[in-house]
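Should a chain be cited, it is by its letter among A, B, C, D and E, assigned in written order, with residues numbered from 1 in that chain.
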Amino acid sequence: METDELIINMGPVHPSTHGVLRFKLRMDGEIIKECTPVLGYLHRGTEKLGEMKTYLQFIPYTDRLDYISAMPNNYAFVKAVEELAGIEVPLRAEYIRVITMELNRVVNHLVSIGSLLMDLGAATMIMWGFRERENALQLYEMLCGARMTFNYIKPGGVREDIPEGFIPKLNEFIKDMEKRIEDYEQLINTNEIFMMRMKNIGVISAEDAINYGMTGPTLRGSGVNYDLRKVEPYSIYRDIDFKVCVRRECDSYARYMVRIDEMKECLYILRQVVDTMPEAKIVSNPKYGIAPMTGAPSAVMPYFPRIFTPPAGEVYSRIEAPKGELGFYVVSDGTTKPYRVKIRSPSFCNLTAIPGMVVGLKIPDLIAAFGTIDVVLGDVDR
Amino acid sequence: MDPVTIDTTKIKSIKRKPVTALEKLEDTGLISTVLAAREREGLILLSTIDQVFNWARLSSLWPVTSGLACCAIEMMGVAMAHHDIARFGMEIFRASPRQADLMFVAGTVTKRMAPRVKQLYEMMPDPKWVIAVGSCASTGGPYHESYSVLKGVDLIIPVDVYIPGCPPRPEAWLYAIIQLREKIKNEGYGAKWGLNK
Amino acid sequence: MIANAYELIVYILTLFRVYEPLLNVFQALGAEYVLRIIIVLVEIAVLFVFVLLTVMFLTWMERKVVAMVQSRYGPMVTGPRGLLQPVMDGVKLIGKEDIIPAKADRWIFTLAPFIVFIPALLVFIPLPFGESLIISDLRVGLLYIIAISAISPIAILLAGWASNNKYSLMGAMRAVAQDISYTIPLALAAIAVVLLTGSLSMVDIVNAQGGAWFGVIPQWFIFIQPLGFILFLIASIAEMGRIPFDFQESESELVAGFFTEYSGMKFAMFFLAEYAHLFAVSGIVVTLFLGGWTGPVLPFIPVQITSLVYFLIKTYAVIFFAMWLRDTVPRVRIDQLLNLGWKIMVPLALLNLLVTGFLVTAGVMV
Amino acid sequence: MNPAEELKQKLPSAVVSIGIQVNKPMAVIKKEELLNAAQKVKEMGFDHLSVITGIDYMDHFEVVYNFFSYAKKQNLALKVITDHEDPEVDSLTSLWKGADWLERETYDLVGIKFIGHPNLVRILLPDGWIGHPLRKDYDMDTEQFVTIGEGGEDIVSTDGSNLLRRK
Amino acid sequence: MAWISKNWAMSGIIAGLIVTLKHVLHIGNRPTVTVQYPYERMKVSPRFRGLHAVDENACIGCGICEINCPNSTIQIVKYNTKWYPQVNIGMCLFCGLCVDVCPMNAMKMTGNYELADYTRESLVYGPDRLLFNKEVKQ
């Protein structure tokens, strides 16, 4: 009998590609023979814009790379610039940065798990995830006035000190969140249908994962104990006690469980940071840049530079973003604008592994595996 | 006001098969009847039908799932528990454009995506509306200097309501939806086909 | 004893003393059958309106239940608590442009929604809504229902094929595979009930569950046939095509399944058929296993009304369960679904049938 | 001893110079010896290829590879300098599968060709796009439009009349 | 068959059903959280970055905001004999850089987010819509 191979295009506008990704699938019946992701539907030329903007003007653009967790993006770029210029950051500013970044990790994992479950057909989890995310966003709005695109972390500190009433609300959020995570676990973790869909699907061994350049929860789901916060501690992570969540099953379920564990770990970190936060209300480096001229609302108004010229040189600096290793390669020629900004985005490198992971599986498995890789198209296409 | 006379003989002499939706509707003679009635302000019944249809349309705007970029996350946020677009009967995000009435252009329309957005719009059945969300869709926004971004989605499809913001907060979306509802409420029957002008 | 809805209408008319004069008028014209036809048409009209209203209410209820699970409100703006929302959706869909894709098979594309919709209505004919509230008490009622339900896969296949879209075709294929593999355990589980009652008539099945043990526990077949009930429930959820078994329109995999290309009124008909089917199947579950319209008889209220209320309460409980389940679980994979159907449900249903057969022959049951 | 010096000891012919990239050791490699050096680097335990960056310096191109070792927890950067006319370096896809897309991206945006890459086509921009945007001499004034062809492929042209609405 | 023998109780699904039922019945601090927008509003933080506002007396029309804007949203235009910024909020990033750099603290961002409009031209907010007067407010 003669059979014909079916070519299916999933996307670019498809409900389960989390944005505008397209999969070109060569199918044999329901089995995927070959999967080719087609990218670039959200390619906005951020790297080119980086060469056209000054350092400070480029910070808002970093927000729009990985728009679910924008704070680590902000921080990664600022960290690169700070390393380049050798700026010291006040301790309180570092604490605030860590609070925002860990909060963002929780938000990111909520969205990631929620959209994974929605793709699998259970719409409830995403609603619950976004319900808690909304509370976190209100905290962000208190802090920096925006919900998703913060422009909060600046070279030498943060934009503003934390407002009054922030810490109690944060504590309330942490307490609430711990209960909610129990709910999620009860709803999903042991669900037989969920296990059936996730176990032994999208298996990638540790060697392959390293070879593909996967990082973050996807790598830790394959049993590699690797977290930049531990390996190359930046900011104040050296002083914080936390453990790296690792699972050895290498499948989609392991990656999902890593995310759940990481959320709990984030809450643990947040509690610590809030408890040990220094009192001195200095959130920017006064040696660097100029103070506001007139009518400053308070004495603790942060100082940050208006025109910023790091010395010539190049730096590659990376952090552990919620999705994996986020790096910025910044080349400076001593002017106000970077000469070249290269973004090493975790989603792009993690997505590399998809074609190898899904051959021989079915479309629903592709969706499950893809959901646990957790990509954001703004981060992939930049 | 003089009654509008419809010369049906002229229409029949053309003898062309109606192709587009507009021609089909004209073929039934409904539009011209309604328009004539509106002109004369005599037939209250027909304008009531207008109102009923407008009411139905504004009450059940089903959006097509077409998240493009950052704003898509806020679009999900609008649909979720805290803001709950379902109160307006809009939570049915149809994956297939054939069953949708409203398109949120939520995010940056890149050059590569532009023909697809246009195709998606063309696949939607009339009457249909478009809301351009955020700076990117309105004017190109942050990326309007970029080589690969379209400077505003209204260059390729007609837009009814623009929402500024980057991304706009969910209340701003709901405000825009209320604005759109106001707009639909005041539309004539043939409004989407440009006949009541 | 009033056997069915026709006799009920006659009875009511007689009660108001209009039946005799009417009959006389028609007899004088020599056209007695016209009156019969009119009464039957009235019956069908009432049924149709009832089904339409139920479907509208069900869509509203579905949205509200989902909203409640997800800590939000659901439709609120249109009408009180959003009750007018389904009406608005319907009116809007009527006013939409009707697109037939250029590459589609025009005739089949147009025909398919009707072929889906009509069986969804026909299923209601032998379904007893209450004491004597039945259009026609067919002697082969259960068989008829299963046979009529088997038409919808054909229509779905037609729709998927005619759309000329890969997603539609795949959705249709899956739907057909699913329907076929789940009709068998469904029928086998139902046959066990038939063995107990010895009749295919729905009214007989309900009447067999009328009694009570110790005067308290109702003699519903769910207690005699727990395994059969679970199998029937799972199979009927699969037949309805709801999460966790909604392959026909699994949004995240195949854009909207077999009705991807449908718009306007044709899409509305699929929608109507889906919810009518949901109500019908829940009604069948109630009839077969939950005692149908039986319940405590109240004084001063006609038994027709109380029985209808009991039936509706039970049916909505089953529907609520289906909606509740939908909000909790993800969907299974198509091959897992077929595995479940053929390798687990069919053998279990056969086992159940075997045991029931033994017990009935031995005279332990009934 | 930092890994760049170690590499220089092992492959003295390949390493032009060693330096420091803020706090990461860096070695400048001869263009012809890149594959050799990468092989050696992988043997030294640098199993994670973090990023490939192509930089246009008007008169020459630089390609920078950043590596990390999971076992030793060390960083290493390799730099290759190519001429501006016909920038070509060896592909590392045989050693790291993850290099595949990174190289395609560098080819797409900077225009550096990778010899031996199995599928060196544009990844972010559609096929047929004129110019490589991250080069300093990229023409930002000419707008390019994309339309969809018969088979769903992208067609690039500078004429947007099919796409744009008549105003 | 092996699968069913392990999972015949479906305890995971039943646990899930219990959680969702708790939400339906609002048991244990699981309330309905919806804020019904046109009738109720969320409290907007004082730092919220919404529509711009320019202090009429403080602004000196220096144009620092114009140069510092990442995507040339702001233009300085003449209005009533003085120069004031004009903001095209249809292009604005709402990043707050203009507020940060203003030497006179004249630029502010208000909590106004209800900005949707029917035309693209009406999104250009000239000084007539941006200016506010401190004295009048007090």
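Throughout what follows, a residue touches a chain if its C-beta (ideal position, glycine included) is under 8 Å from a C-beta of that chain, and two chains touch if they have at least 3 such contacts.
Please read all numbers here as calculations on a predicted model, not as lab measurements.
Colleague: Going by CA means, which chain is nearest the middle of everything shown?
Modeller: Minimum centroid-to-centroid distance belongs to A.
Colleague: Contact counts by the stated rule: is the higher one at A-D or B-D?
Modeller: A-D
Colleague: Of the other chains, whose C-alpha centre is the longest way from the centre of chain E?
Modeller: C
Colleague: Between chain B and chain C, tell me the centre distance in angstrom, where each centre is the average of that chain's C-alpha atoms.
Modeller: Centre-to-centre distance between chain B and chain C: 36 Å.
Colleague: When the C-alpha atoms of chain B and chain E are each averaged to a single point, how far apart are the two points in Å?
Modeller: Chain centres of chain B and chain E, defined by C-alpha means, are spaced 25 Å apart.
Colleague: Report the inter-chain centroid distance for chain C and chain E in whole angstrom, where each centroid is the mean of the CA atoms.
Modeller: 48
Colleague: So which stretches of chain A touch two or more other chains?
Modeller: Residues 14-15, 40, 43, 45, 48, 60-61, 124, 127-128, 131, 134, 149, 187, 191, 193-194, 196 of chain A each touch two or more of the other chains.
Colleague: Two-or-more-chain contact residues of chain E, please, as numbers and ranges.
Modeller: 13, 16, 19-20, 32-34, 36, 42, 70, 93-95
Colleague: Touching at least two other chains at once: which residues of chain B meet that condition?
Modeller: Touching at least two other chains: 80-82, 84, 87, 95, 112, 116, 142-143, 145, 147-148, 154, 166, 169.
Colleague: With touch defined as at the top, which chains are paired up in contact here?
Modeller: Those chain pairs satisfying the definition are A-B, A-C, A-D, A-E, B-C, B-D, B-E, C-E.
Colleague: Please output the residues of chain D touching chain A within their complex, sorted ascending.
Modeller: 21-24, 47-51, 53, 55-56, 64, 66, 70, 73, 77, 96-102, 105, 109, 122-126, 133-134, 138, 152
Colleague: Flag every residue of chain E that touches chain A in the complex, lowest number first.
Modeller: Its residues touching chain A are 3, 7, 10-13, 15-16, 18-20, 29, 33, 42, 44-49, 58, 68-70, 93-97, 100-101, 103-105, 109.
Colleague: Show which residues of chain C lie in contact with chain A when the two form their complex.
Modeller: 66, 69-72, 166, 243-244, 246, 250-253, 255, 327-336
Colleague: Can you name the residues of chain B that touch chain D in the complex?
Modeller: Against chain D, chain B makes touches at 111-112, 114-116, 118-119, 145, 147-148, 154-158.
Colleague: Per the contact definition, I'd like the list of chain B residues that touch chain E in the complex.
Modeller: 81-84, 87, 135, 138-145, 152, 154, 159-166, 168-172, 174-176, 178-179, 183
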